[in-house]
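My questions all concern the structure below.
Note that the chains take the letters A, B, C and D in the order they are written out, and that residue 1 is the start of every chain.
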Amino acid sequence: MKENECILEMRNITKTFPGVKALDKVNFEVKKGEVHALVGENGAGKSTLMKVLSGIHSPSEGEIIYQGKKVEFAGPLDAKAKGVVLIHQELSLVDEMTVAENIFLGDLPRNKFGFIDWKGLNKRSKELLERLECEFEPTELVGRLSIARQQMVEIARGLTQDVNIVVFDEPTASLTQEEEKVLFENINRLREQGTAIVYISHRLNEIFQISDRITVLRDGEMTGLLNTAETNECELTSLMIGRDLEDHLDFEKRGRDEIGKEVLKVEGLSKDGLFNDISFSIHEGEVLGLSGLVGAGRSELAETIFGVRKADSGKIFLEGDEIKVGDANKSVDLGIGFVPENRKEQGLILGRSVLDNLSLAKIRNLNRYGFIKGREEKLIYQDYQDKLDIKTPSSKQQVKNLSGGNQQKVIMAKWLCINPKLLILDEPTVGIDVGTKAEIHKLIRKLAAAGIAVLVISSEMPEVMGVSDRILTMYHGEITGEFYAEEATEEKLIKGITGIEAGACKVG
Amino acid sequence: MKSKTGIMKVKDNFDIWDFVQKNSIWLIFVICIVFFSIMTPNFLRVRNITNIFLQSSFIGIMSIGMTYLMIDGNFDLSMGSIMALSAVLVIGFMDYGIPVAVLLSLLAGSAIGALNGLFVTKAGINAFIVTLGSMLGVRGLVYIYTGERALVSSELAFSEISAASVGPIPLPVLIFLIMLILGELVLRYTSHGRGCYAIGGNYEAAVNAGIKVDKHIIINFILAGFTAALAGILMASRMNAATPTLGMEDHMIVITAVVLGGTKLDGGFGNLIRTLGGVLVIGMIRNGMNLLNVHSYVNMLIMGLILISVVYMDQKFDPLEE
Amino acid sequence: GSSGDEAAPDIDEVVIGITNNNVGIDSYQTTHYETFREEAEELGVETVRLDATGDPALQVNQIEDLIQQQVDVIVVWPVSGDAIVPAVRNANQQGIPVLIANSPIDESGFELVEGFAGPDNLTQGKYAAQMMKEALDGEGKVVELMGLPGYVTAHQRSDGFNEEVENYSGIEVIETQPADWDRSRAQEVMEDFLTKFPSGQIDGVYAADDNIAMGAINALEEAGRLDEVKITSATMFGDGYDAMKEGKIYGTIYQSPVEDARKTVQTAVRIATGEEVEFFNYFDTPKVTLDNIDEYERPIW
Amino acid sequence: MGSSVKTESNLKDSSSKKINFAEIIKRHGILFVFLLMIIGISLRTDSFLTQNNMLLVLRQVSVKGIIACGMTYMLIGGEFDLSVGSLVSLTAVLVIDFHDILGPFAAIIIAILAGISVGAFNGFLVGFLKLNSLIVTFGMLFVIQALTLLYTGGQYVSVSNQGATWFSIIGRGFIFGIPIPVIIFGIILIIFGVVLSKTVYGRYLYSVGGNPIASKFSGIPKTYITFSTFIITGLTAAIGGIILGSRLMSAQNYLGQGYEFDIITAVVLGGTSLFGGSGSIPKTLIGVLILGFLSNGFIMMGFPYYVQWVVQWAILIGAVWMDVASKRGKILA
């Protein structure tokens, strides 16, 4: 195996969509046995570049050289057959089928009679799962696995055959730290076998931990090709966002004695199987962080507070008045906003326009006798498009055509424009680039400064610690700890979220 | 949104409700038998049971095609019309000999199925609209072809196909059961079968995994057309004639039977053994209500209510919790 | 009940099974259905009444079910006169006598059944044609509104009418459309006819029953062309009776579902108790025009 | 943005292409075929393109058109209602039967209440119990039909003294030469069109149909929106039943049977998606007119209605085929 041999070269790739130039003369190369990170802001064109590679999109200009030959893959399957595998962040699994079937879906091993070879199938899957250190059986139904485990199935599927290049598009967004570690081990193993890895992520610490080289994209252009060892976060971010990034997470926090009026109070909220006896409160102008591992039940708790889920028992008070649990419509009237975890499924009406989505919560107050006040709606739209810098060609653009980060901003805007008293943010920065992320963090603090009570759910420890005045840890459906910003350390939080000494620091 | 079992929920001890849900169709089956045999003494006679099987076999044959289709997340409203078309064709072409006539009408049924499949897959039009179009269109063809009249077969041998029996089992029943078993094997042990589950379970995942989704769906539409044609031919043989109004409501009865059997309306789950249960229950109810002399309006009311309760069950039933 | 080989049962042991065509599709069949029950109760015989809802295949099943129950006689109101032949043969083999009601069985089935009881639809169509000739003085263009395609009754009435019209050189059927026994459908079709054929081009309307005639009348009245057109129909309903009195319908046929059902039950009972019956048991379906309408009561159907 | 929208995977890619095909067919193909058809028919029959005939078709489609407005809401909201045909017969029977007992005004109120109640029941099953609307309303089709039959005993009901009531005006009257059913249809078109495009309710309807989950997560009372579409559709069915009853001055259970399929075909032909979240009232008007002119044209040409079924099928196939062929440069890629 020759060192430094370029297995893939993408030259001068340009890709235009109607109204958008997603990629502009991008050069990208990958060598055998390297982990090549691809970074950039939301909408920079990372996913698009990979889709061009695998043949989902054909490039408007440019060529792809793979193993020394000019190629154009017909699609991901063709690419996979020729050794280039793309692993999406989005799960693409059949819930009703077993893990083994899902891994070999589309290529189930058959015996000599043409029937499916169930034994062989399960055996091969088992081997694969063992290699990935997964602790579940090939015969389990995928629908019953946790999201993180499903993600592992997705990864296993990419590795059923010998591959030359594996592309991971934001693989860790829903993985636990433990699983992330296993994933990295696997990546390293692949690298040692000479496989090239393309690794897309917004988490810079991961990039530095795993990658050999980094290609940076900004607004569809390539702004840098770096050796990881020779660069640092500062340089990287300035290449990504085109300016220097100040250490933005260093906010002024409120202390124990500065808290304002109580906005939300939750008392003994329980839901069988999801969370148990949850009590806490949030105050005016306070950012409360809720930290926990995937599956801790934070999202369900948030959904219950907002009212899209019902609880078995417990009470919720808003500004001292008890509110009916399980009525989201009422919650919006009362001024509770909720940015859910899953943008596409829970946050957006993908087929409708940016304008429609942005004003969806507000229009209940934007009408006379039921008729929407079109001009005011438009004004609000412009206001928030401006404030949050939402990149869209027009207000009529279908929201599904925006990049992930801009979609997230639309959802934020949807809630900000109702002037909420309480804003719940569930993983507000998942899949969002550092620049936008910093903006969102600043925004959160600004909202708090304006007197809004903010509940932030995040799996990213620095994020929670960075923005919150106070942090709750959650483990297995129970609250295991409460820390003020000044006393919170990563160590303490980890104890809380992993259940070590659970109960020892439990709050009432 | 995916519903997932929570982490704290452990299911190890026997749960009656769980068991009931898992086996609902067979429980209904038993209840039906008990109810009708108490209500009418004739119900459990061997001849009546053969009768129920015979009557059910036509709906049953069609339900095989429909099960495949519904597992992959589609359905076919045109099956009743295809059945009528093949019935009139098989009689219309009787002069060329039975084998030719039978082959031809099987071909015609499959061709319409293929057409349905092509439009659902290649043009991306919803199965509801595509098969609604062909439901009416094919029925129109039948009227035009027959000049609105019934066609009668001159060939007595043809009517013996349906009348024949192997041992005590009438030929249509035998055909039904053999196809059912074969169909179930294919569902379980071939890539076509597993492909259907994958497509119905998660269409996008199936495409991403390189399953030739269109091919499988078209095959299933052809199968639906084929089974409808087969049922039509057997029906024509049974009546030694074919009327243009044949099978007007059959597509819905077939869908009801399949859903009653527990095949999920949105695909990804179900099998033919369950469908057999659904078919037999519908057959028993139709037969039993005849024996019970239920007023025809009430009969209609009961069928409507059954349909609604079937959907209620479908909604409550989550295969992942099995 | 008992099977056919045994000695004929007494009248109070008789069980009659009937499979109807499509109860509820029109008031004729509904009245028939009810009268059938009443008459049977009157005579003290038991009945099993099924309805094929217009589905020939279902009717075959129902005949099998009736054989199953070993009724003493099976009455079939055929959805299709052809499709029931094998099932009737089956009944025949099981020794259960079959009586055909209202619409005929295909000729190939004649030897398998005891007889037929009901109206003569072919003749009704002919009568309607004769009255049309009278109304138009032997000269004119006629549109025909048929019943539901695929049903024997609809076709027989149409056939009768057209066969008879063949004999009249002056009368021409210029258009035929199905109206499905449905008033609103008939009205729509008539409206379209009226635009297609401007004033003076339609002289007569033949409606397969009064239901259809009423739809046609609605359309004609609205177009202000009722005066130009003579209407004949093939079964009188209550509404049609009133319309005739107002001079809107020229001629129709008095066909009573009550009489039809009674005749059927009586014939069936005679068969069950072993009496010999004639093969055709037509009941009288006379012509009705304004001249003789007062001889009849207003139909309750 | 006209051309194809590519998203995360090749599959979404191809499915969105499909949606696009369908959209183009719906936008242009059908209209094109429609025009051809009108030209074809008018070449064959002189009376087709006359003002009288146009008015006639408008009146003939008005009942189905009114219900189609309700059905448009239904489909945009992502549900189906197959029970409208039966509901037409039920409400027609009620309005006629109560006409002689309580007078026309009360009878109309009763029919409307009946329509709304049945709609509410459907809405309860689908909105609150979350049952599959396609099958549930198909079941309801039988239930309502059976109830109508039990109510009438299968007999015709008629208004006894037709001359003595204003009731027939609704179905038969004219204002300025325009049939009143057409005027009612027009008013309903406008109201429904405006509500859909200009009000919060309309916006919510699109959201609920477009993404029910995200709607819930935006605090939109999805259940009630779904519930309301059934009530609205029930209401339009009742209005349809009343007009039909008034036109015929009599009613029977057979009335309106099979309307559901015609109406859904019309709405979809117009271009409203069966998947929810898109569609509009003007589109529905086009679809309704296509069906109305087809059916009128076929009678004009002297074909029985079932020939129209075949042609309708062929139009659907033809329009799609044309589009697929032109898109891919060859037939059946």
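By definition in this document, contacts are C-beta pairs under 8 Å (C-beta built on N, C-alpha and C of every residue); 3 or more make two chains touch, one makes a residue touch a chain.
Bear in mind that the values here come from a model prediction, so they are computed numbers and not experimental data.
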Checklist entry - If you tally the C-beta contacts, which comes out ahead, B-D or A-D? => result B-D
Checklist outcome for this item: Whole-Å distance, C-alpha centre of chain B to that of chain D, is 29
Next on the checklist: Suppose each chain is reduced to the average of its Cα coordinates; what separation in Å results between chain A and chain D?
Outcome noted: 43
Item to check | chain C and chain D, separation of their C-alpha mean positions in angstrom | outcome: 34
Item to check | Chain centre separation in whole Å, for chain C relative to chain B (CA means) | outcome: 34
Next on the checklist: Two or more other chains touching the same residue: where does that happen in chain D?
Outcome noted: 9-10, 149, 154, 213, 304, 306
Checklist entry - So which bits of chain C are touching at least two other chains? => result 23-24, 33, 149, 178
Checklist outcome for this item: Note: chain A residues in touch with at least two other chains are 76, 88, 92, 345-346
Checklist outcome for this item: Pairs of chains in contact here are A-B, A-D, B-C, B-D, C-D
Item to check | Residues of chain D touching chain B in the complex | outcome: 9-12, 14-15, 17-19, 21-22, 25, 125, 129-132, 134-136, 138-143, 145-147, 149-150, 154, 213, 261, 264-265, 268, 274-275, 304, 306-310, 312-314, 316-317, 320-321, 323-324, 332-333
Checklist entry - Contact residues on chain A for chain B in the complex? => result 76-77, 80, 88, 92-97, 101-102, 105-108, 110, 114-116, 141, 143-144, 146-147, 157, 272-274, 276, 295, 297, 342, 345-346, 476-477
Checklist entry - What residues of chain D sit close enough to touch chain A in their complex? => result 1-3, 5-10, 13, 195, 198-201, 203, 206-207, 210-211, 213-221, 277-278
Item to check | Residue ranges of chain B in contact with chain A within the complex | outcome: 1-2, 4-9, 189-191, 194, 197-198, 201-202, 204-206, 208-211, 268-269, 319-320
Next on the checklist: Looking at the complex, which residues from chain B come into contact with chain C?
Outcome noted: 42, 45, 47-48, 51, 54-55, 58, 143, 148-152, 159, 162-163, 235, 238-250, 286-287, 290-291, 293, 295-297, 299-300
